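Look at the two complexes coming up: chain A is in both, with chain B in one and chain C in the other.
And now, the complex of A and B:
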């Protein structure tokens, strides 16, 4: 009897979280699989169509192109944010004074919205026409994404740098190691876990790039920035093909999972 | 490392860092300058304004739609902060301090939702909202976003690290779980709840995709959705930058106020949504 009452108390404490996660996290996961095999449209019926939506995606040249566009964006964004975050973290660690001030300034873009970043940078890019040229639009979007997002990665890496004992670095200096050698052989190895974390988190984020594209390019010019996440939105809310949008969303999930697992294996193979 | 650089290279590094910092905050400065440029006078990049005015921002704040977006954003952020803090701390308490069957499996399954891209569950979430009749309502806007696994994890870790003696003493004094939660756990969690409140506020204030698809441009649109709508419309540049300023300044102010604490705990809270 006492155990039952105890269990009921636990359940009462968990109830809000259980209901929220059940209805708005787990149910949608099942719902996504369910929707993706129907031809549901807003206000219509859930009619079973089998794998038709998936087949439709792989016959849609715009969808296939969106995969390539997304991968290109990720391939620009992730190395760029890693280099910028590592560079700023090293700089912050090296300056003798004003560290708190500079850290706050560098982190400031992170606390604003991507929509705001998009609005400002669309205006800043206007004279150069970077968003109107299919060959520069993805690098331009990646620059804005990095500007907005690098503060977080910078702080993670800064915490990693602080874990390297200062007396080890000092001893290496006494032994004649130059700046590059200290960086290459002492800092970089101990930063690997932090860098791996940054790469995984930023890769997952980059695959879902949406807000910037909605505000800055709407997928253009000539679909040069039409990414997977933007395609999901377009299927669902421009063409009202809910089933196809759900299928595209699941494809995005599968790709993100696959890439994360590959990164984990690569990291574990060369620790 | 500061000790390992010679004097001139330290000056050089500081100058470099100052330049990078300028690139980080410069766009905000330009945004505010353009927002304060008088109507009909040339704006950047063609000319610096000869005088500054608050007329654009005042004009914007007197339009009905912009006020509604602002109010909606405040409601969305404030209600979410309170609700997430309460629900996550309740769950965090039992995950940290109670034994019950399936506890660890349940915690892991909550955390596993962090690996799911939001676009993967976007369509079913919207369909659920429509079936509930919650499209373009505060219910639909707020409630689905309260499922926050990072908050549960953060509070569970914090409550687990509290000293056992506090809980033992309370039990001996005959306090039940609700009393312990309300009178001991919540007050002791105040620092972590403060940090979490700032993060939840920022996530919701800056959230775009969910308000966009739930409100569909209707009554419950938020500032981010409104700003994106204005960007696609026919505003003058100072008007657009005024809207951007009103959208961004609250976040920057909150950040400046709690900057030190936020920066030192950012690694717990993760990159948000």
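And now, the complex of A and C:
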């Protein structure tokens, strides 16, 4: 009876999130899965087309190119944000005063409007022409993405650092361990759960990058920043190929799921 | 516990029902900033709402939408089944919406009263013998110059042909000013960037029966080479390949470019307000092999999913009545959609745009027109960035557009 009551209490607390998740995430995903096997048109007519939309994706050179572009962006963005967030978290942990102020200042970009930041960064990049050159546009976008997002990752890692017992670090210092040794052999292993969380969340975010592209480059120049999420948007809202957009969206979901599971396994194997 | 559960249920129900759309018998119109001044625009559309309701006893709801992202928003609303009953569309969008079975024909409402519609406008709104849009106004773009910047570069005769533009470009570039503003972002409609030049070179986007692309013709290459040559001599903005047109911070308005080849009248008025009437020249469309520019009717279309098509047709009839259209023309500064009515010429800007009207072309109507644009635009960027020659860029794009047309 007591267990049942506990279970009901837990469910009552989870219910709002479950209902919202179901209504705004799970049901739309089911809807997308349904749309992906039709040729749904804005007029409302549709026919069942089976796996045609999925097959069409692999014949579409721009879908495959968008996959390569997305992977390149992820490969630049994720290590960069990890290094920046870890570096700032360590600095923040070691400042003797004004920690609250610096924490708020470093977190500020995370809560700044992306449209506003995008416009300002466009001005900053303009003299160097970084957004006009297909070879520099992705690193430039990754820099803006990291600037915008590192505050969140920094807070997670900072919480992880603060969980490391101070007396252990002090004992290591007394035993003669230098800064690098304390970082490599004490802090880093303790930070693994926090780093795993950051890597997974940021990888998922990087795979889904859209707003930055929409505001700053619209997929250009010459499709150099044409990512998977932007392709989904263009299939759906420029070409009105809703079935294909849904299929591409589900392909993106499958890729993200696969990458997240692989990351999880990699972290588990190297505890 | 019970009270908490009830609160959560009520809160969730309120959240979910808040996401629904309004449903009543009102006719809904999606309108855009045709009247640039927001206060004027609101006042005009409130008057239309009141006028229609008084005359027909049916409620009218005018929802003012921004131009930005309009196709995406309309497409999303239609797919979600909560679009308007009537919407403002342009001719090159209509064939696509007809093919997607999103529109109803409105031929029976097209009377014009005592006036005669411009035949080119009606043709542009006709798909397979049926009219899918009622002309509400007529727009035109033309060339607008900042005379002061030309004078500072020692040029007194403003260039009105391609050759003259190319000859004047280095002189302005020497002063750090690109002669021509050009917005090559893939979000821009090519109707106001590359296509007017393509038409001036004598080219077209599609062949006559719409089965293949035609922009990679020698005329198309000539048009793109004109831009690439200008870019090489500093005649286009540095970021021309990726630049977006800015309604507020336009390059000609801001004195950062000396001229624009397809400017709309509202931007021309901004130029006048910023650099003064004496320094602003509204010229004729540029001449390549032909003198032609982009100009099109703004039309009201009836959506297939209209809740009450009969009431919506009554509104279309009311909205296209001479009295309502004439007032819209006065408020918006756009031209009347009829051939037998004088344009409301009040200043030099109006006069300049009125002169361009006979050379206006409404774009190449085709169900795949917008998709062809999306495929072509990145290749134009490649040419402007110098990674492909004009011939290669247009041939690449033609291959993609032809494959699309074949698939359809």
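One rule holds for everything that comes next: the second predicted complex is superposed on the first by the 244 of 271 C-alpha atoms of A that agree within 3 Å, B and C clash if a C-alpha of one lies under 4 Å from a C-alpha of the other, contacts with A are read in each partner's own complex, and residues count from 1 in each chain.
Operating definition for what follows: contacts are C-beta pairs under 8 Å (C-beta built on N, C-alpha and C of every residue); 3 or more make two chains touch, one makes a residue touch a chain.
All of these numbers come straight from a predicted model, not from anything done at the bench.
Asks: Have a look at where A:132 lands relative to chain B and chain C in the superposition and call it first, second, both or neither.
Replies: Once the two structures are laid over each other on A, A:132 reaches chain C alone.
Asks: So, A:219: does it touch chain B (first), chain C (second), both, or neither?
Replies: Touch status of A:219: second partner only.
Asks: More residues of chain A in touch with chain C or with chain B?
Replies: Of chain B and chain C, more residues of chain A lie in contact with B.
Asks: Check the residue A:237 against both partner chains and state whether it touches chain B (first), chain C (second), both, or neither.
Replies: A:237 contacts both chain B and chain C.
Asks: Where does A:54 make contact in the superposed view: on chain B (first), on chain C (second), on both, or on neither?
Replies: The answer is neither, since A:54 touches no partner chain.
Asks: State whether A:196 touches chain B only (first), chain C only (second), both chains, or neither.
Replies: neither
Asks: Which of the two partners, first being chain B and second being chain C, lies in contact with A:267: first, second, both, or neither?
Replies: In the superposition, A:267 touches no partner, neither chain B nor chain C.
Asks: After the superposition on A, what does A:40 contact: first (chain B), second (chain C), both or neither?
Replies: both
Asks: Under the contact definition given at the top, report the residues of chain A touching chain B in one complex and chain C in the other.
Replies: Shared contact residues on chain A: 9, 16, 20, 23, 40, 42, 233, 236-237, 242.
Asks: Considering the complex alone, what residue numbers of chain A touch chain C?
Replies: Those in contact with chain C are residues 9, 12, 15-16, 19-20, 23, 40-45, 126, 129, 131-134, 217-223, 233-234, 236-240, 242.
Asks: Mind pulling up the chain C residues that touch chain A in the complex?
Replies: Counting only chain C, the residues touching chain A are 1, 4-5, 8, 11-12, 15-16, 71-72, 75-76, 78-79, 81, 96-97, 100-102, 185-187, 238-239, 241-242, 244, 304-305, 370-371, 374, 378-379, 381-382, 385, 387.
Asks: Contact residues on chain B for chain A in the complex?
Replies: Chain B residues touching chain A: 1-5, 10, 13-14, 16-18, 20-21, 23-25, 27-28, 30-31, 34, 45, 86-88, 90-91, 93-94, 98, 100, 106, 109-110, 113, 115-128, 130, 143-144, 146-147, 149, 152, 176-178, 181, 202, 205-209, 212-213, 224, 227-228, 231, 237, 240-241, 244, 247-248, 251-252, 254-256, 259-260, 263, 266-267, 270-271.
Asks: Quick one: which bits of chain A touch chain B in the complex? Just the residue numbers, please.
Replies: It comes out as residues 6-7, 9-10, 13-14, 16-17, 20-21, 23-32, 34-35, 40, 42, 87-88, 91-98, 100, 102-109, 111-124, 127, 147, 149, 151-152, 155-156, 159, 166, 169-170, 173, 179, 182, 201, 204-205, 207-208, 210-211, 214-215, 228-229, 232-233, 236-237, 242, 245-246, 249-250, 252-253, 256-257, 260.
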